[in-house]
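Labels run A, B, C and D following the written order; every chain starts at residue 1.
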Amino acid sequence: MGLKEQCGIFGFYNNDDFDAAEMIYYGLFALQHRGQESCGIAVNDNGKIIYYKEMGLVPEVFNEVILSHLKGHMGIGHVRYSTSGDSLRENAQPLVVKYTQGSMAVAHNGNILNYNELRADFEKLGFIFQSETDSEVIAAMFSRQRISSGSLQEAISKVMRVLRGAYSILVLSRSKLIAARDPMGMRPLVLGRKNNSYAVCSETSALNAIGAEFLRDVRPGEIIIINKKGLRSIQTYTPEKSALCIFEHIYFARLDSVMDGACIYESRYKAGEMLAREYKIQADAVIGVPDSGIASALGYSNFSKIPYVEGLIKNRYVGRTFIQPRQQTREQSVTVKLGAIASQVRGKDIIMIDDSIVRGTTSSKIVQMIKNAGARKVHLLVSSPPVKFPCYFGINISNKEQLMANNMALDEMRKLIGADSLGFLSIKGLTEIPNGSKSGFCKACFDGHYPMEIKS
Amino acid sequence: MGLKEQCGIFGFYNNDDFDAAEMIYYGLFALQHRGQESCGIAVNDNGKIIYYKEMGLVPEVFNEVILSHLKGHMGIGHVRYSTSGDSLRENAQPLVVKYTQGSMAVAHNGNILNYNELRADFEKLGFIFQSETDSEVIAAMFSRQRISSGSLQEAISKVMRVLRGAYSILVLSRSKLIAARDPMGMRPLVLGRKNNSYAVCSETSALNAIGAEFLRDVRPGEIIIINKKGLRSIQTYTPEKSALCIFEHIYFARLDSVMDGACIYESRYKAGEMLAREYKIQADAVIGVPDSGIASALGYSNFSKIPYVEGLIKNRYVGRTFIQPRQQTREQSVTVKLGAIASQVRGKDIIMIDDSIVRGTTSSKIVQMIKNAGARKVHLLVSSPPVKFPCYFGINISNKEQLMANNMALDEMRKLIGADSLGFLSIKGLTEIPNGSKSGFCKACFDGHYPMEIKS
Amino acid sequence: MGLKEQCGIFGFYNNDDFDAAEMIYYGLFALQHRGQESCGIAVNDNGKIIYYKEMGLVPEVFNEVILSHLKGHMGIGHVRYSTSGDSLRENAQPLVVKYTQGSMAVAHNGNILNYNELRADFEKLGFIFQSETDSEVIAAMFSRQRISSGSLQEAISKVMRVLRGAYSILVLSRSKLIAARDPMGMRPLVLGRKNNSYAVCSETSALNAIGAEFLRDVRPGEIIIINKKGLRSIQTYTPEKSALCIFEHIYFARLDSVMDGACIYESRYKAGEMLAREYKIQADAVIGVPDSGIASALGYSNFSKIPYVEGLIKNRYVGRTFIQPRQQTREQSVTVKLGAIASQVRGKDIIMIDDSIVRGTTSSKIVQMIKNAGARKVHLLVSSPPVKFPCYFGINISNKEQLMANNMALDEMRKLIGADSLGFLSIKGLTEIPNGSKSGFCKACFDGHYPMEIKS
Amino acid sequence: MGLKEQCGIFGFYNNDDFDAAEMIYYGLFALQHRGQESCGIAVNDNGKIIYYKEMGLVPEVFNEVILSHLKGHMGIGHVRYSTSGDSLRENAQPLVVKYTQGSMAVAHNGNILNYNELRADFEKLGFIFQSETDSEVIAAMFSRQRISSGSLQEAISKVMRVLRGAYSILVLSRSKLIAARDPMGMRPLVLGRKNNSYAVCSETSALNAIGAEFLRDVRPGEIIIINKKGLRSIQTYTPEKSALCIFEHIYFARLDSVMDGACIYESRYKAGEMLAREYKIQADAVIGVPDSGIASALGYSNFSKIPYVEGLIKNRYVGRTFIQPRQQTREQSVTVKLGAIASQVRGKDIIMIDDSIVRGTTSSKIVQMIKNAGARKVHLLVSSPPVKFPCYFGINISNKEQLMANNMALDEMRKLIGADSLGFLSIKGLTEIPNGSKSGFCKACFDGHYPMEIKS
């Protein structure tokens, strides 16, 4: 497998007098939570593709001078997730290549299962690669299929029959903006309109950010082609059931997004209600670990009638590169990010809700912080089940330490964390949280049922 | 008056094996909400003061290499608030000067009323100034008084009798760390201890960040001297009543801070309860404008029993320099920062709570956003009274447009904003919100009662 | 044809305790005159290739931190010439690619005649390209040939039969450092030794810079392979006669380099002597336009016995990006670069020697500058013939304006320049200047006799 | 004494339609050889002084955007010399201060002997200082004297009676550009005109760079005031004899400058002739160490009739920050800067001329380099006498190692350097080199006769 990526993509096709690069800039900023390592924008300037990409956050990388150089009536952008050790400028997207039809830019969110086989096949033909990204192999596949195809979309369609994995892809060519979502719809992709112009991107939050109207989700296996004649759709084959990554609802997506018909905020709120059904605890107050635990805490409070209070606040400047504390002050790694509001927890039995537990070390520090602030008891509830299986589709949760942690018995974990009780949402409960979704879900990291065959 | 500043300061005196610069770094990061324009750290390296300051956020300005050069057993740091048009590197603090006793660094939060007169007096003596900051005049006063004084603290004490205004000051000399709070305690300053070492800073949140224990507030008119012999206190004269800026409770301070005995979170929550007492409105849900309106919304919900929901979320990467949208997309200035959660407001009558209204233009856009998301009605409640008088003590709310806005009749404002109803907290209500404060308050911007004589 | 490039390359294989990256750094610095746009270094770190490249001069791009990360026992580096409009980071070298045998880095100086055909052939196979450089096509050729070859050197040897044009190439693989010079030896390449370690680079000046001993020139058509077993040579086919670019002797190479047996300094000095033979002029002093006209002026003076004086000095900080003077001060473009030494030219008839004439505008300004400084007459002699034919091998002298200038009659040019007389070195004279060269020369830009067939 | 500085200054007063900042930019670039550490420009924008200064070379620090912000009809600029250990941004000039009359910018070249006393006097009055530069004390003196003076020029005149040392100063006030040269004329300062506008700067080379006409040298003890009424001169007292630093002729100034009537190039050429008179040596060729030894070598050759050849060339990119070679390759510190032209020295007895000898280590490496290139013998002649006394006026030659080196016997030095013979110009010879100078000279570093009393 290539690098594990959880990214955000945004494409814009201008039919009004908007500045495509500016729209993409705001769209990417609204998707910044999906990737903070690097970002880039490519636009089509009268058939020539110009681009700029660099390590850093969207407002750091782009300024007015750079944006003003990115002139074009259509374009695509990308924010990339930081995975330790692979932070190379070469891996930034969009990837811009020259091929038999001129130039093409590719931006991609997801993970290709058969990346190694595909790349090896190309290398056997003499192909050279300059990065470690799925995107480069995907671009090579598009390029190669294009030779025996009548159009780029036909080539993409053929490639989709060979690609295995989770992916949403944007392609910018000489004359078209093309969007494609994998046949199982494992990664999100939505379509919007602003006046007569089109936007296609990872989340509805980015449509809202530019004031665009949500039209619909791109369907699993669908290819959308936007050019000067308008918007067309090709439905490639669709397997029996779709499998959107359930972690989008638990953690990845922004609260105000709606994905395949289900509202992210409602899912997290519902997760809290489900926890309240599953764990009836005597306590004085419910608190959430910011940001993603808040909605679940409100849901728990609503169902249990135990009052919701704000017991933790997050330093609003966290999210950037930060100097790691040295040995003697390692415990500060949590106190610089979060602050306990002592007046709200002092002398109380507290139910604290977090979205997931990674290694337990952070949870342990937060529980301690709440106790230091005067809480009598801290009951930790997690709004997702224990992660027990590796993810092969792009979520970076396959490291062994984490899985080991989940191999611990529950009480062992509780002791390690120092909580007075510990509970996870059941898989059954998880199944019920996305309200109104038209999609099925991949929950393989919890239950081991992968939506397609995995060869290690 | 010099530049209007609302800043954060942090000093550390190491008696253990801590790294003073590292402690100050984390402390400043916890105070970042008090100033995002520039920051700096000065440390005492065996009697020599070395420092680094630059435009930008704390994690942008400092890295491990720079921190490792800032060796010293004591030091002070500063984060500076960005006021438009005066963003000059020359104004960054701490200010480091050479004077008759060697070197001295000064960091300051507040505003000196008689700045112009004091500076003019110095200029008549031939003094030259290199910035537009109060700090430089304060440093000159310390330097000049030091000549006829037996110690730096004696000089500071004399200066405090001449300085008029609001200020908390940290001074780093060859052998001491000195902290002083103005006689009316208009700006906050707290003292903490980590093992045998001392920290003195603007807010308790910064003590928590470094794992230091809160000892007590620095008293109005108090000077604290920390050197190798330990900590001493000098109480200069104190006027009859103290007057902490009430805006610390409404807006400036971090939720998890406790100031002169009153918890900021509780004040904001209480403000919501007071609003609920004063404005009984039929509605389906209460929402808060993030970040500072949330606690008040919870308070309103608790008193009114109208359910609290999250209707707005804030892009967690806002807070940095950001390209301003161009003409055609000016309305996006709010949508890139905030997102409405449609499922929570659709079809509902909403009570929305914000901390204050500046020009009304932002409020208007937020109300519109909530209505676009499907709300039937939006009642806007403000958790502070209308600002009707200029502030001379460092809060940048004296520009005419804003005061004009407050000169409008209430209903005129409501129409401008587009809300279905509009209400401000009463001054009487305001008086009750800081629960348990040992301090009096300056509420002059609301009621025109300034704590000291103002000469324009 | 791809971008026209005149670059410098440097490779080092360490068998002692040298730091390869440091050696390459100094070597590239000594070759900086061959390219100022971008530079890069790639090293082999236990079979993995790591690299750093960026726009800018060698001392700007590299610092101690970056160099210290470039750990490896062998490596290659590149400095790239700035050709207007193509200053893209993507074009910086070395190019590092992954192929069927792992990683490979390629650095290249020269120009491939059949670049367009070769690239089109690859694109027809579906290959994608990410830059506009010859290097990327060369790397693809190596990769593709490697499949059917027993070794990388065998692949390179096959590729050399297909590549048409001028090139010196360095390749870094998992286990070898390979150097290759085109069959006509149109671009220079030399081999040196420092203790038991090897260096291979564009000029002997770079060997001297690192204190390495010159072993010999790499022969036209030769491939040199350096690995842990030592150094081997493969002689691919050689055509009847070699054709080193004569412009290396006139302008490109550094004065202290020796190329295929001929010393650059002597060639330029000889050019001055030849001019003295061809143009017997009555004058009081001979001056040279720095830097490349000085040696010829000394040669002219020696033969003619007219005294050499320094009449012009060059600002030693020129050579960097520089703000172009605005309209009103356009004439300063020369005065900021050169200064006339009035005391040496005042009241004299001056013979001024320059290496070549491009558009004549600079020459015109220099002649004026000398006259303003008090010279009575200025006779301009050029130490090369008029350029009348385009270069297809990488020298950027094919733009029409220049060729137009050479289509002017001599006296027309003289008037335009404002000189009292104007003379160019004859082609016959040119033929005699490289003293002791074992190589033939390409003089096509002067006489139109290209060393291989040119298809436009 | 403050920091030792050898700097360049440039002022421009526009009466035409020139861009003052642009003129200063080019002027500073022409003075870059006088200081490479930092640079700055301050301009007067309708009475308000705006400025920009930073560490680095002129083309690195300024770009078109920055220059375009520096709008004003008059301004001053500064390039600062790098003295090890004091490379602080705080020391960059011009220094811009606010004082009783508004704003003032000061740029200064030289060294104040009584700096410590003057600064201590100010500190006793309570003055604070923010740098270690003479300029700050000078600005404070101007500010203080201005109070009891009718004009800034009167204040400057009074200050000049108290300042002891070498200085050329430019001052930019609300309404005037003022230039002053110390009463002994120890540092150069010249006046020029471009159309109706005025320039005043360190060297005539900078006047030439902007196409300005040289009017005259500013006289020792003269103050020049330029405002909208035109140019005025005040002659403060002048001591009996002037004492321009002889090192300007030996090393500092640019070859094409004329200083107090004497041409720098001619002085260096003459120094070569004097050496030829004093040292009659049998040799085959004369070479110069670039850049400053070339003119002397030509002079030696002319007088001795031994042919001049180019035996050494300098890497034209030297002059920037450069990574120091590590231990094992320390000998490269010379080879990366200079290259020997073997064909010119091989088998010959060489006379090599350098401008001065600092520690002898560099000379030793150059002699070795020439011998490695094949020279039979190397006779090293130095175009100045041995430095035997410290300089108190701003030249950084007072470090002990150097003086120790000069305390060695001549033959001991010769052995250390490895030359076959070694000779220095005699003090008598030195006296004769500046041809036509209207000024006397300070030669104290050679003969110990200081032009004013030195208190250690």
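What we mean here is this: a residue touches a chain if its C-beta (ideal position, glycine included) is under 8 Å from a C-beta of that chain, and two chains touch if they have at least 3 such contacts.
These figures come from a predicted structure and were not determined experimentally.
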Contact-graph separation of subunit A and subunit D, given in steps at minimum: 2
Comparison of B-D and C-D (more C-beta pairs in contact): C-D
Gap in Å, rounded to a whole number, between the CA centres of subunit D and subunit C: 35
Inter-chain centre distance, subunit B versus subunit D - centres from mean C-alpha coordinates, in Å: 49
Multi-chain contact residues (two or more partners), subunit A: none
Chain-level touch network, classified as line, ring, star, complete or other: ring
Pairs of chains in contact (touch as defined earlier), listed by label: A-B, A-C, B-D, C-D
Sites on subunit D touched by subunit B in the complex: 95-100, 104, 123-130, 136, 139-140, 143-147
In the complex, subunit A residues that touch subunit B: 17-19, 22-23, 25-26, 29-30, 32-33, 57-60, 62-64, 67, 205, 208-211, 254-256, 258, 263, 265-266, 291, 294-295, 298, 302, 307-310, 313, 315-317, 319-323, 325-326, 328-329, 331-332, 335-336, 339-344
